[in-house]
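One chain, subunit A, appears in both complexes that follow, with subunit B as partner in the first and subunit C in the second.
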Partner chain A sequence: MENQQRNFGTWQITSIMISSMIGVGILTIPRTSTMLLQQAGWIGPISGALIAGVAVTAIVYLGNQFPGLTFVEFMPRIFGSVIGTMCICLFILYQFFNAGITARVFGEVVVTSVLPDTPLEVIIVTLLLLVLFLCCHEIEVVARVNELLIPFLLLPSLLIPLVSFMNADWYNLLPFHVESWTDVVKTGLDTYTLYTGYELLMVYFAFAIPGARLGVASITGMSFAFVVYMISVIAGISVFGYEELQRLIWPTLELVKVTQRTGWFLERFESAFLAIWVASVFTTIGNMFYATIFSLRQWFRKGIRFQRISAIVMMVPLFFFSLIPQNIVELYSYLKHLTTMGYMVTIFIPILLAITQFMRNKINKGRKENIEKGGT
Partner chain B sequence: MSMGKFLRYFALLIVCTSLLTGCWDRRELEERASVLAIAIDQDEDDENLYKMTVQIPIPIKIAGSSGKGGGSGADAVKIMSVTGRTVTDAANNLQMRLNQRLFLGHTRILALSEEIARKGIQDIMDSFRREPQIRRLLWPIVVRGKASTLLEIKPRIEPIPVVFLMGLIENGMKLGRIPDQTLGDYFNQTSNLTMEPFLNYVEASKNEVSWKGVAVFRGHKMMGILDHLQTWALIQLRNEKPGGDIVIALPKTKNGYVSFRPHFAKKKVTIQDDFSATFHCELQGDIVELTEDLHIPPEQFVTQMQALIKKEMENRAKKLLQQLQKQYNSDILKLGLTLRAKHYHDYWKTHDWKKDFRDFPIRVKYTIKLRRLGMEMQ
Partner chain C sequence: MSQFFQAWQKRKEALQSKALEQYSVESMESVSDVTLTTNVEENIQLIEAQFGKCDDLVVRRFQTKSKAQAAIVFIDGMVDRNVISDFIIRYMTTPDITYHDPATNELDLTDKLRQIVRNILSGCAVLIIDGCRNAYLNNTRGWDRRSVEEPQTESVVRGPRDGFCETLCVNSALIRFRLKDPNLRVRHMVVGERTQTDIYVMYIDGIAYPPIVEEVIARIESVHVDSVLESGYIEQMIQDRRWSPFPQIQNTERPDKVVANLLEGKVGILVDGTPFGLIAPAVFSQFYQSPEDYYERFYIATLIRFIRIISISIALMLPSLYIAFSAFHPEMIPSRLVIAMAAGRSTVPFPSLVEALFMELAIEILREASVRLPGPIGPTIGIVGALVVGEAAVTAGLVSPVMVIIVAVTTIGSFASPSYSAAIAIRMLRFPVMILAGMFGLYGIMLFLIVILIHLSSLKSFGVPYMSPLSPLNLNGMKDLFIRVPHHLFKTRPMMFHVQDKIRIREEDNPK
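Right, the complex of A and B next:
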């Protein structure tokens, strides 16, 4: 396998992380986090971030331990080849399914809200073709695309909730009371999915410039995403009230629709929002699918030609997978199953890897000292 | 070489023309029948049918009238009525009579007749909740008598009646006299467990429309109306909007009146330990009219007027509370929200607000700050 250049800057890593995390989840977050916690729904993004934060720490630790190596290379080194291979399989499968479901949710949003007469297949195919085009390039293109799109993503996702605070009723956020802490944990386990995408860093960290600060990059990325989610939830609760949120399928989109009240520069702001949101979904799916294809390529120790061919081949099952859920209710039940699978891939495996590596280092160090002592 | 280049460009052209033509949902502006307003009544003959009336502007007429300068401005819109078992059924029947596709994205007014508002409008609202074209910012309005009369007015100031109506509401909103109640607000208020919704209430005659106050709901059912005086007290206590001019008969005079124009309203709600609420409302404003000279020194005049206005406003608020609590039993003051926010454990959890609002002790205290006397010295 030819040696890949390691040339991702810290900001590029950050932007990959942010745009992998912010995707379709932002449209539903005000509803999902208030489902159990009601007025205190803003705790949802916090508890989700705490859960995800542990896994991110583990991934950063691994990234520093194995500079220049992706998970395909370091997993077998830590877990041995059998379990390592299983983990790699699981990771690739998860990314594959996740990309498919994300594409489907994207299609559903577009079909229900703006283009009711357009076949769902066409929307998904156009998105996937774009992703396919991305997958035919070397990995540094991914970094550049993410870096280029990040301002378009961040600005509106911060601006819209802030503007909508104008019609907020702050009493909707009160009283601050938590009925049961198990609800907080449950919501956290649900809202942590908003931050999924960080596990892709196990691939992209390997291409950071030697000396790039991985810790800083991931803390910045996490906090950006956290702030965006947090203010979306607060805006959602204070504008609609938690009761109404339960009845809205995509509350953030509704938030955009009410925001045009201010009417500064654009009427029908939701079309502009959706246009920008397309970019953010594209980067999410693009990063996921690229990671899938790229890990396959590394696994088989092949070159860019293998990557291109496998991207085209894999696109077909991906497309059909995204069409399996027959209706919106089924889609959300699939999403739930995927979340369960996600706990394994995005939380347990990175943490276990990090712990194993940490223990191994400790033991090796002890051994070394013993040998040194024996030497003297 | 050049052949290859030509072919490449040709391929690009083909790809662009086939892919960039737009999508299934492409619909030009002139291919849409934009509905500006919808009115929903009960059908006169069959009680189970709804009658839906829509107002559709005629583009050519509007463009022509501005060029020629007036003329037959009254016919700039087409008004059509259909019946159906549900709102969607009626819309279907309407589509069968139209050459273009119905488009609800520009709908600004949803007029409901008082009759169906009193029966309950949950079933009507469902389709408005589901339809993505509908904007949460449109204004639902309850109309005295038939809702369709609101669409049939001929104001003559504007070629399109709905534009006139929108101007009336928008302007009233800016002046702080008409509450801004959108469809989204209605949805939020019906979902919210602590409050009840209300909608603007108008009356339409042949050529005119006039705002009369608000229709108070409980759940999705209209309970009654508040006239404009009570509504102004309501929006002072609820939205901190000034409301309209306060005209009071001067005591001890034959036919003297004083008019006070509030410019700013501020309110504060306090809940006492024995669970009673006090609304403190501060009004700042000017005297704009005094029809009879009182012959008293200015300092005394100011305090006397402030006391007079305070008494009048507290009376109006008292009547408002009387109506809301005893007659309609509907908390549109957002008092429940305050109680839940501030006294969740000690009050809200142990009480059923929907029942207890009726007997909850509420006091209203006005503070009047008379700032200026207009262009007159006294």
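Right, the complex of A and C next:
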């Protein structure tokens, strides 16, 4: 879009990245990463970060190659219009489903832990209305909202594990030994989903002000998320031990529950934690859904009015989609399917795009040199 | 939806402004653009015809020293009578004085009836002499004005005690007196088809960002209303988002505050007839910043800022937190307190939302009543309301004792904001938060906070994001956001207003 100003600063890009990554995943991470690796589960976030890091590198490369362009504009340029369009569709669908699933997971958590008498639908509807309100604004508002909500997001996710170290039994982390490295890779493929959200940068990088350091932003974002996940996993293992973790649906929430009587004026924290955690879920879903709607808007080359109307229209199927899973077990099996789709969108497509673009640059360079040689 | 609404709004406005322009053209055309004749009586009749039967129009006829008939026309009460009798009539009649013109400080000649009528209406005395085609327009403006007094709404412990008054020229002089910079520019504008209110737009050339100044002037020019009785009219007509509860233009009674803001590259707007000046663009920090922060030592200034931020948060959220905790999350309150609270609430027949709404409503009524009451009775209402009604409500079992404490703290908290019009936005938003807290507990509070945050992030005041320097993050601006760093560290002006001259303290002037 030519009329959009490119005014996202480096810190804004970083905060978009952090808040898109940290969402509902943090609640389950201690369980998923210890499932195979057991007491060495803290390797999970590392291997996940390594896998995600490759894709992030590819996205940063693309962002530098196509300054001011979103994936909607540069995908057809690299892959040609047919495959490009398919990729765009896939990307938009993935974000759409991901937003729905995330909203559902959030609703389940809230209903089971703090508001047991409230219907699930009400929680999802209110959250989606909030997202809808965000989608009615221009894209710079998204960056500012993310920036303002970062403290709400980082404080609880760093503080809660740190406080819960009071109950830690450090022997739970021993022995420092990895049984099988294939398990590490398998866990990595699972835990990399914690970092999904970075693919949204293919949209938001386009609005970085010229001169913004995309690489620095994504490294900072990745490391923030990495530290948060790492601390949560270590706290989970050291407090509960890996056997017990397998029996908890949301171990991080349990961490909050065991953190009582810290001498402050509040006795139990899970309600406060969940209230503040609304901010991080909201930014995750908001960024995803905004990216979906905004990509549609760009694809059809329409204005803000189209964006508002399509946000309202898309909200209805999103709501019904999020209600399809009948229970938590089914919900997590849906999430697994989505992860498979996610490999395609968040890893293969960016890397393929980057490789193709890299090759093309090489070839073009070669050609140019040939022409220059022929010319002289 | 809002697009449609805006379009509709714009159309309505266009129609309205068209009608007003039409009116203004008609009314000015009715003052037929005739020129004066050389006959005094004819001229007086011409002028009197314009005013109709107007009894405060004074016409004083006399003979000049050269035995020519002359007359002075002015409106009673708007002129300085001494000037007229001593320096116009005496000068023109005493034969010893060889000087021919009246000895007033501003003198103009015209034969256009339209201009004469306009000048009479703004307090000039018009002198017509027989045989002379031109009339003398003497600036004799001088009506009873309130003297410069201490501002009522923004009092400080340390700092200047003078505030704006209702007269425009006095107000602009109060600013000039503090800012002896020849680069201070004053643009005069007239708004209001019927009231013809004078407006000064002030800025410092070389500091203010020219596009912002142009934008302010263009927006004031585009205002077409019949009357401007207070600067609030201008403020609400020129702000960026008219449907927002947050003030996007700051208002103040303090000249020192206006000067400080001019030096930060903002634009000041003074309106005749009101002691409230406007400052644009405004950012969110106006909610808790006071001029006093810069006059006291920076430790206490910073501490007080944090206290103000806390009290604003209390004013916004304390009742809803009480509702959320007592209705949804009693497990968060320490057990002894929750037992005490439950004991206090045991006689209360209502849910905590109703209880809180009832008490907040009562306190709002008390506030409004004590503002309206004349000075000496006002505090009585406060005592009756707070002590008697609160105590009686608890004894009667209508509300719990904790609720009384919460309402009292909330009300006191809302008074701690140095800007009244900013504080009423918070005061107003308290009610939707309470209702959401009654529906969803802490989750509802958070939802509403995020809605406010989204709205605040989308606000802009004359192109400056409302939440700056927090978002977009500007480290230079952070020096004066929450903490107020010592003055010697304010080496540059805040960058978010795109100041032209960035340097505040030059290094070479301060050798170490």
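One rule holds for everything that comes next: the second predicted complex is superposed on the first by the 370 of 376 C-alpha atoms of A that agree within 3 Å, B and C clash if a C-alpha of one lies under 4 Å from a C-alpha of the other, contacts with A are read in each partner's own complex, and residues count from 1 in each chain.
Throughout what follows, a contact is a pair of C-beta atoms (placed from the backbone, for glycine too) under 8 Å apart; a residue touches a chain by one contact, two chains touch by 3 or more.
The structure displayed is predicted, hence computed values, not measured ones.
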Touching partner for A:M359 - first (subunit B), second (subunit C), both, neither: neither
Touching partner for A:F282 - first (subunit B), second (subunit C), both, neither: second
Which superposed partner A:L115 touches (first subunit B, second subunit C, both, neither): both
Subunit B versus subunit C as contact partner of A:H177, first or second or both or neither: first
Which partner, subunit B or subunit C, touches more subunit A residues: C
First (subunit B), second (subunit C), both or neither touched by A:L155: neither
Subunit B versus subunit C as contact partner of A:C89, first or second or both or neither: neither
Contacts of A:G9 with subunit B and subunit C, given as first, second, both or neither: second
On subunit A, positions contacted by subunit B and by subunit C: 114-115, 118, 122, 268
Complex interface listing, subunit C residues touching subunit A: 1-3, 328-329, 331-335, 440-447, 450-451, 453-454, 456-458, 465, 467, 470-473
Subunit B-touching residues of subunit A, taken from the complex the two chains share: 112-119, 122, 169, 171-172, 174-175, 177, 240-241, 243-244, 246-247, 254, 257-258, 260-261, 268
Subunit A-facing residues of subunit B, complex: 23-25, 105, 129, 132, 135-137, 184, 187-188, 191-193, 334, 337-338, 340-342, 344-345, 348
Footprint of subunit C on subunit A - complex, ascending: 7, 9, 11-12, 110, 114-115, 118, 122-123, 126-127, 130, 133-134, 136-138, 141, 143-145, 147-149, 265-269, 271-272, 274-276, 278-279, 282, 304-305, 308
